[in-house]
Structure formats: C-alpha cells, structure tokens
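Same chain, two partners: subunit A is paired with subunit B first, then with subunit C.
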Partner chain A sequence: MTTTVEATARSRTAPQRPGFFKRLFAEYGQEIVVLAAIVMLFAIVTMVNPRFISANNLTTIFSGNAYIAVAAIGMAMVIVTGNIDVSVGALIGVLATISGSLAVAGYPIWFAWLAPVVVGMAVNAIIGILVAYARIPSIVVTLGALSILRGGLISVTGGTWITDLPPDYLIAQKQIFGLPVPLVFMVVLTLLAAFWMRYTAFGRSLYAIGGNAEAALATGIPIARRTVAVFVIHGAFAGLATILFATQLQVIQSTVPPNLELTVITAAVIGGVSILGGSGTVIGSTLATILFATIGSALIFVNVSAYWLRAVIGLLILATVLADMLRRRGRGA
Partner chain B sequence: MRNVVLSALLALSFSTSLSNAQSVWTGGDDLPTNPLACDATPATAAAKPYDGGQPTNAPDRKGKTIKVVDVPKLVGIGYFNATSKGIADAAKEMGSMDAKTDGPSKANIDDQITLIDNYITSGVDGILFAANDPVAIAPVLKKALGAGINVVGYDANSSPDARQWFVNQAEFNGIAKAMVDSMAAEIGDEGAFAIVTSTFTTPNQARWIAEMAAYQTKCHPKMKWLETVEAQEDNILSFNQSNTLINKYGDELKGIFGMTSVATPAAADAVTQAKKCGSVAVVGLATPNAMKPYVGAGCVKSVVLWNPVDLGYAAAYVLRAVADGTLAPGATSVKAGKLGDLSVINGSEILLGAPTVFNKDNIGNFDF
Partner chain C sequence: MKLKSLIRHETFLAVLLVVVLIVLSFQSDRFFTIDNLLNQGRLMTEIGLIAIAMTFVIATGGIDLSVGSILGLTAILTGVFWQNVGLPLPVAATAAIAAGTFAGFVNGVIITRFRVPPLIATLATLALYRGLAEGISQARSVRGYPEWFYVLGQKDVLGVPTQLWILLFAAVVASVILAYTTWGRTVYAVGSNEVASRFSGLSVEKTKLALYTASGFAAAVAAVIFVSRVSTTRSDMGTGIELDAITAVVLGGTSIFGGRGTIIGTIIGLCLIQALKNGLSLAGIKGDGTIMLIGAVLILAILASNLFERSGTRT
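And then the complex of A and B:
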C-alpha cells in the first residue's frame, strides 16, 4: 500500500513521460543529426564563401537533386517493410524514355507525365507479387529487374537521345509561387508521405511488417497484399521522380546516372531508415538527399576533389548502420 | 546480419575512391604531353617503321574496279550511317569502287567476325572495318589478308598486324588544340574557364585534359584555369556541377569545357537556365544531335568532334590507294580526294586531320 502511494507521489514530481525534446530525439534522432549536419555545413561554407547561400546556389542544392529525394521516399517505404529495391535507377531510365517519347510524339503533355507513374506502378506490381507471393527475396527479384530494364533500355533506344521536347513538357524548369517545381514536389510529397506513414493504419502497418512480420500477421495485417501495395506506391514515386529527372534538361539521354539506385538507397539509410526494416521516416531520407547535395556543392566551394564526397558518404553509411545496430542491441532486440 | 554485410559493401563502393583522392586535381593524367603548334602547322611525325600487315598474293588491282565491303561496329545508328555515306560518296567520286555497308545490328564482336568471315568466303577485294574489339577481331582480319584481300580500319583499330592501315579520326593533342582555340576565340585570351569531366580515372578524358593544359600554357598562357569538377556519366550531376561553378565564380567564369557527350549538353543547359547565354561560353566534345537545341538557340557556338562522313570518305580513298599500290609501307602521306594529302602517323595510321568544329552553320547537316 505504501509503495503505491510512494510511486504515485514520485510520478507527480517527475512525470513518467520524458520531456518534449527527449521524446523528439528518441523518435527522430537520425533526422535531427542529419539536419544539424546540413545547418553546420551551410554555416561553415558560407563563412568561406558567402556565395554559397546565394539564391541560385540554394536552387541548385535543393532543386537539382529533388528527383533523388522523391525516389527515396518510395525506397524508404520499401526498406521499412524489410525489403529492398536495387532496380529503381534502371526503372527511372526506362520511364524517362517512355515519357519523353510520348511527349515528342505529340501526345498531350499530361499523358506524357502520367505514363511514367502508371508504368512505374505496373512494373513494381510485378516485382511486389514476385516478392510477396512467390516468396523470392526482394534483392534477387530486383537484381533481375535491374538487368532486364537496363538491357531493354539500351536495346530499344539503341543509345539515341530524345531531343526536341516541347517546352511545356519541361516542368522541372518551371516555377510555382516563385519556387522551383522540383523543390515543391520534394517538400509536398515528403510531407504527405510522412503524415501517411505516421497517422494512417495502413502507413503504420508498414513498420509492423518490417519490425516483426509474424506479430504483424498475428494482428491481422495482410502482409502479402501490403507488400505488393508498398512496391506499387514505390513505383508511383519512381514515376514522379522520373517526371523531374526527364524534364530538368532539354534532352533525355538513354542512359541513367550510374549507381542511381545506390544513391537512392543510401539516402534512405543515412536518413535513418533501418536497413533491417521496421523504422525510419521519409523526412530523414529527404534530409539525407539534401545533405548529399550540400556536401557536393560545398566540396566545390572549398576546392576539395569530388572524390571526397563518396568517401564522406561511405563513412556516413557505416556510422549510421553502426548506430542502428547499437540502438537495437541496447533495446535487446 | 546479411543486411549488415550488404550495407557495408554499399559503403565500401562509395569509399573505394578514397585512395584516389588528392588535394589539387586538374583532371589530367601524368603522361608526357605533346602540344601542337599554336598556328595550323601540322605535328612533325615521329619516324616509326611500318607495323601493319600485308595481304598474301594479292592480285594486281591497279585501276580496276574493286568490290569493297564496309563492316562498321553496328548499323542503324547515325554515326555509322555517316561513315557509310562518306564511303559511298568517295566510291561514287572515284567511279572504280563498288562499296556496300553491312554490319551487325548490335555492337557485338561475334556477329562482326561471322559477317567478315562470310565476306571472305564470298570473295571481296577490300574490307573496311571499325572493330568492336581490337584483339578478338584480329584472327579473322588476318584470314582476310591471307586470302589476298586489302584490309583497312577506321574509327576503332585492331592490332596493327591484322590490317594494312588504320584511319585515325583524331589525336589527343589535335582535339585539345581545337577545344582550347575555340574557347579562346569565344572568351578571349585572358578569360577564365572551368572543366566538367566524367571521372578522374577515365583515360581518354584525362589524356585530353592533360593535352589541353599543355597547349593552353604554350599558346594561350594568360587564360585562367579555374578548376576541374567530375560529374561521372551523369547528366543531372553534370548540370548541378555546372550550376555550382556558375554560382561559385559569378562573373569571373567566362567558359565551361564539357569533356563528354553527357557533360557538354548538361553544361549548356545549366548556362541556358541560368540565363548566362552569351556571357558564359560552352565548348565541348559532343555529338551534333545532342547539341542541336543549344547550338540552334545560339547558346553554344563550338562543338568539337571529328566528321564521320569525312572519316568514311578518307577510309575509302586509303583502301583505293592501297589496292593501287600507291600507298605502300614507308609512305608519309596519301591523297584523299577533296580532303587533300593526309599524313601517316604511328607507323601504319593515317590521320584524318584537324577535328571538326560544329557550329550553327553546319550542324544541321549531321545526324548522329
């Protein structure tokens, strides 16, 4: 009896719920670290060369890599469910060629924009079905998809580029409310996806699937269907990323940036998405993309070879994964 | 645990470049350079004995109409359509060559070997080729020489002893001179420029940049080399890197060199979107098709590459001269119709000449 009274008294003086900042850090630790790194970098490089925060350079940093952030949103969802997709770079290349070809062939602009989203969803539906129902590990399925998409792209295009794109099609070069379209895409999609994953039952279930699939199944979550759905959503984001990728320049090349899929996966991982599944947010993946872009630009501004960018990112990956492992060990998971 | 290994590998792939990192990077390699003269004086060819092959028991073909097959890397792409057109033009002009082009539909060495083998069997007087693999193609070409067929390469060489001559489209120092001279013509002899290249380890780009540095120091010493940035073969990264250069240097930056056909259009797009056309020049290596929008809009004035129509044209004339016996081992030049005298370099190669600078007036004539 006395112990209960004591306990009640203690809980009155020291609230059981930790403070706001402590909770924030417990939940968004990695995101806060990445954000702090961005702010610090901006402060340091701006002191070296104030042109770093000129409006033009901010546009280059935030807008020029937005397509990677958009692709990383879908990737983050896939990784949260405990899967991975190494084919997204090749998929974006294929979708860009489809979209550009439609635009040049005179189809309505909205159709050329819609096509990559729909096709991306269809392709990833197949991948999702193979993963969820044929029970093939996602890395194997998507490695296969990578080869098929990359080979198909080169065979179909023969290496030729798409030129003469209609000016109205080039949405990534336009502005909404004085802001570059890619930036708006990135921010709006990140926030929508973040709210969806945090506050809807469907969104929450992705964490359950990645965290403990058996428990998720026991609570009645249809794991197979949700896995297909998350790949389809990832395909839609790949399609949206394609719209930005394809319209940034006046020509669409039949090649995709080398290692694009690795860049996208890395953004998710450094942003705090656990490579083991079950945790992480898309706010983190978007911040990580911005961090890469900031590092890349900063290296030029402080005259350091771009080779350091890859070295720095490599170290960041190791540090992030290590921190993730330690956190899990601490929790006894 | 498997996932942890995966992510470690991922990290490793990004950090392998660490060992390559160095503090100041111009982007060039450390090989010796050989800058050309500042005026149009051709390079003095270092004497090197003929190292090509010879056909066995070739019949006397002097002045006779010869049957020639041209086997490019692949057919159906603009570049080899252009070389094929050059060969047809030369054949028509000479009136003594029956030339046709027949190549694999994909750039596949096995298909190319089979094709050449079939033509050896069916009987031709001459073979023109652009090799998909310099070593793998050698045996079948030697077989052709053994059958008394004249063999001349262009665009992509084989081992020297597997063919008689090779028409070399451009040497590194020639490209470097054309690039730097074009830039100097646009931004003046004291302008500052930067370079967007693919990677530190791409051999051709590193060679070109080293020759550009040597030529610029020799012939345009007051031009200012700001920095070289790498952008892999990534168009959006090339665009972002070009933008960052523009943002960093502001009005000081007068020109950007694009070292690849990926980087050059991306740099042109960056300049266009930054509304710097006319104040920042873009000069680069690229195919005309990729550059037409920018050249057409007047934002890019000089695109440097060789002319593939001339390349095919020269190859046909070289083959004719070989069949006639007018181009024999030890020769120092060969007449190639409207192209005039072309010089012999490196023992058994014919240099096409200075690279072509594509501009608003001529770019519409090319489709590759």
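And then the complex of A and C:
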C-alpha cells in the first residue's frame, strides 16, 4: 500500500521525470496487464471463431455486464479507503425491485430511475455512519446489511417476478448515438470517476485515508466524514448499476446473480485495487469486468462446457493475483 | 482488562441467548422440546464445524471465504469417487476429505508463500473450487447412497444426532487447543501483532498454513455430513455458508482484526442464530424475516460490545 503513495509522490516531485511509458506502466501496470489479456483473448478466440467479434456478441459482452462495471466503480472507491462492502449484490436486488415496482405502479419513469439511486445512497449512508462513527469494521456492518437486505427482498417480493414493465422504462435496451446505453453509461461513469479520483482533492484524499489513516488525519482530512461520503457515493453507483440491471430484460427477477457482491469485489481487486487500501483505479475495475465477460463468452465460442466457466475464471483470477504479487515484490515492495 | 472485556462480550451474548430461548418458548410450545432442540443441533453441525476452524483463522487476522466452495467440491468428489470411479464409499469419502483438506492447504500456500492477502486469495479460490465442482459434476447430482451412510447425517447415537457428537468433540478439542496450548497462544499473538510474533521467534507462516489447511479439512468433513443428511450431492452445496460461519464467529466476539476470540463465543453465536431461525419459523415468521433479524442482531451485538469495551477502556 505504500507503493502507490510513493509512486504518486515520485511522479509529482522527482526532479527528472522518467519516460512517459515508464511512468504509465508504474502507475497503471495492473490495468495494462488486464487490457493486454483482453486484447490477446479477443485475438485468439476470433482466430478460432470469427463470429466472436460480431456486433451481436460484442453487445452481449459489453452491455450485458456494464452494470457490474458500474457497481465495481463504487466498490473500488470503498476498497481504496481500506473498507469493503459485501452487501452490494443484495442492495442491487432490493433497488431493482423498488424501481420496477414504481415503474409498474404508474409513477413517472424518471422517478423510477431516480428512486434506486436515492435509496441506495440512503442505505449506504447508514452503513457508512456505522463504520465511521460507531467504529464497527465494514465487513461486519455489510455482512449484517447483506442479511437484512436479502431477507427483506425475499419477504417483500415473495419470490415473484415483476412483469409488464413499461417499454419506456427499459433504458438498458435503448441506444444513444447508435451505441447501447449500458456501454455509454459504463464508459462515461468510469472516466468521470477516474478523473475525479485522480485530479480532485476529495478524490485523492481517498487514497490518503486508505494508505495511511493516521497521516491522513494529521494532514487535516476529516476521515469519518469522508468515509461516510465514499459509502454514499458507492450507494449512488449501486443505484445506477441497478437501473442498467433492472431494465436489461422484460422482467425483473426477485433474485440477483448469486455471489454478485463477490463478482463486483473481484472485478475491483483484479483491476488493481489493493485490498489493503491506498491504491488502484476504476479504469482497472472496469477493464477487469470486461475481461471476465470476455472469458465467459470466449468459452462458449471455443466450445468449452459452460460448467467449466467458473473454474477457468477462478484460475485466471488466481494467476492475475499471483502475477501482481510477484510484480510488486519485483519492485521491492 | 482484555480478559475482562472478553468475558463481558460472551456473558452478554449468553444472557441474550437465554432471553431469546425464553421468549421463543413462549411463542411456540413446540420450540423448547428435547426433540426439536436436538434436531436444531443436527442442522447447525455443518456451519458449526466450519465456524470453529474459522474462529482460529479470524483470530490470526485472516479470513477464509472459500469454505463454501470447498464444501461443494468435496461433496461432488465424494459422489464421483464412489459412483464413477467405483471406490468403496468409506474410501471415496476419505479421498474426498483429503482433497478438500488439500484445497485448504493450497489456500495456505498462496497466503503464506506468495503473501496474497487472505481475503483475495480465498476469493479467488472460492471461484476456482466452485468452478471445479461445477465442471466435474456437469450439473449431475449423485443419489442412492447405501443405507448405512445415512447414520452420519440422519440417525442418532445414544439418543443424540450422530453429527452433533462430532461437533461437540470438535468444539471441546478446539477450545482446549486455543485456550490452553502454546500453539493456541501463537494464534492470538499472530493476530495481535504479526511482526512482533515473527521477531519473537514464533513460526507465523507454519501456523497460518496449518490453520487454512484445518479450515479446508473442517469444510470437507462438513461436506460428507451434509451429503449424508440430505441424501444427495449437488455442485451448489454450501453456497454462501462462508458468510453464515463468519457471522457466527464475529457475533461470538472474535475480532475481525485478529488477536481476540474464543470457541465458546462462536458456539454461543451459532446457537443464537439457530435458535432465532427455528424459533421464529415455529412462531410463524417466514425464514426471510429471520435472516433480516440475524443481520440486525449481528450489527447490534457488535455495536453493544463496542460500547461496553470503550467505556471499559476509559475508566
């Protein structure tokens, strides 16, 4: 966790700045590795089966998983501050049900879209306050929140699906400038968040908190308030992810993909966010989401049984983590 | 002072358990019967075994998220070794448990050798082991185990469910190891201050390696009991059980940062969760409402014990 603090300090103060590519690799090493993996995978699978790169399949890969990438943006911020959230999957399920019910009940469409964002922020404000002011470790708070949200979801919906969604509500199936909306959401939100974390005082303070909380406090960063804020922002991203998730099909199921929270955490971590806090970017987390989606799709195209999908992803995660560890050690960290 | 606060949390929890038991027995006259309570013991064995091993792991400041997947993998292997490979069932089950233990050992190697943080390492193997279970099983379930095999998961020994004996045995052995042996002290030392432990000449890496291996072993044994209890094998067995086990451990007063925790606390935490699940369902509240309550109890219990502890430190 000290490496990034050092790295950023170096890039700001070093008298002779090292070459552009050297700096790029020092700061975005993990992101570059993940991007290279995606490109290689595309090249290999397309050689085996050219239909892999068809517009149809690309839409499936990018749009179908955009909601995971959006949720991973907020998760990356939370993890950068040295916290974690295991409840985000259940939260997305609850928010999707709220949003869909409002849409079906005839409320204005914009209200059905806004509600999950606001409720997501409110729920995570409570979580953030428990973490920052009651000083309960975030994994404990969010474990509890996971139970509460998951139980709440089932008892409210009773396991029934929401159907008859108004066509205007289904934003994830629409296009802007000829591009699928989820793709646009994913790219724009990733860039905005990356810019915010890199160039604003608030964004940079998140790294300071995760890197060394005591030092951050000494420099006058209000840690508790920032921690609550970061959870609230994470809640907003969970709400935005919900909009994409809830509107991608004609129905809203009362369940979310199992282990969604772990998928989101994994995306953030594989993208280079150190679980110890203090380093990582949201560009990495989005790239990692795309990598997982590409792997999943690639297996189908090279005719590997879908039942092996998770084993292959697990193996790749492990390989990435080990490579990252060896890379860090190589730098003397 | 430290010991005092420990006692406080567990006493607090035990009182809470008694209150819950009393309230629940007023809610339904079927709750406080020997039959029902023993049956609840049967149901909590699998989580219990995992939670006991998890107590050690969390006490060193680590975590093991892969236990649910190890459970699934071991269950699948038991079925495959027996039905497809044709091994006698006891051999098949032993081999599967060995494989599950090895899976835990691999976790330990990744964590100690490659210095991958436990949360990440076991997050990765969570996906890997579950994936192996799915890939090996190809979504086929194994059924039709011989009748004697069900003694483990469905029958009684001396009037008590068979697996409850195993849980009791494990709990007693684990408490003695954690509380009274040098090795148990090492676990706390590693959790309180890993660097200092290393400088004191404690074998930090070996201890951790042993603990993650033990965690895999516990999950593997739980898997065989699980298969025997439900008479079938499926690759999704044990999904999410890691969070249940962690909830029990943390509710039981083990600090998620390590250095603190007891087996008795974990057992009380387990009983509290199981009593709530069962009692509320008997009282006519659906399982989902119970899950919510458990989440709330977890947060409130830690909040309360935090408050106790802080007032203790100030005086």
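Heads up, the rule we're going with is that the second predicted complex is superposed on the first by the 294 of 333 C-alpha atoms of A that agree within 3 Å, B and C clash if a C-alpha of one lies under 4 Å from a C-alpha of the other, contacts with A are read in each partner's own complex, and residues count from 1 in each chain.
By our rule, contacts are C-beta pairs under 8 Å (C-beta built on N, C-alpha and C of every residue); 3 or more make two chains touch, one makes a residue touch a chain.
All values reported here derive from a predicted model rather than from experimental measurement.
In the superposition on chain A, A:R51 makes contact with subunit B only, while subunit C stays out of contact range. Within the superposed three-chain model, A:I148 lies in touch with subunit C and out of touch with subunit B [touch as defined at top]. Shared-chain residue A:A134: touches subunit C; no touch with subunit B. In the superposed model, A:N303 lies in contact with subunit B only, and not with subunit C. Of the two partner chains, subunit B and subunit C are each touched by A:T266.
Contacts of A:G314 after superposition: both subunit B and subunit C are touched.
When the shared chain is aligned, subunit B and subunit C each come close enough to touch A:M325. In the superposed pair of complexes, A:P257 makes contact with subunit B only, with no contact to subunit C. Common to the subunit B and subunit C interfaces on subunit A are residues 84, 139, 155, 258-259, 262, 265-266, 269, 275-276, 305, 307-308, 310-311, 313-315, 317-318, 321, 325. Residue ranges on subunit A touching subunit B, taken from their complex, read 49, 51-52, 54, 56-57, 59-60, 64-65, 67, 84, 139, 155, 158-161, 163-164, 173, 245, 248-251, 253, 255, 257-259, 262, 265-266, 269, 275-276, 293, 296-297, 300-301, 303-308, 310-311, 313-315, 317-318, 321, 325. Here subunit A touches subunit C in the complex through residues 84, 86, 130, 134-137, 139-141, 143-155, 258-259, 262, 265-266, 269, 275-276, 305, 307-315, 317-318, 321-322, 325-326, 329, going by the rule given at the top. Residues 3-4, 6-8, 10-18, 20-25, 76-78, 106, 200, 227, 229-230, 232-237, 239-241, 243-248, 250, 262, 265-266, 269, 272-274, 289-290, 292-294 of subunit B touch subunit A in their complex.
On subunit C, the positions that touch subunit A within their shared complex are 63, 65, 110, 114-117, 119-121, 123-132, 134-135, 137-139, 239-240, 243, 246-247, 250, 256-257, 286-296, 298-299, 302-303, 306.
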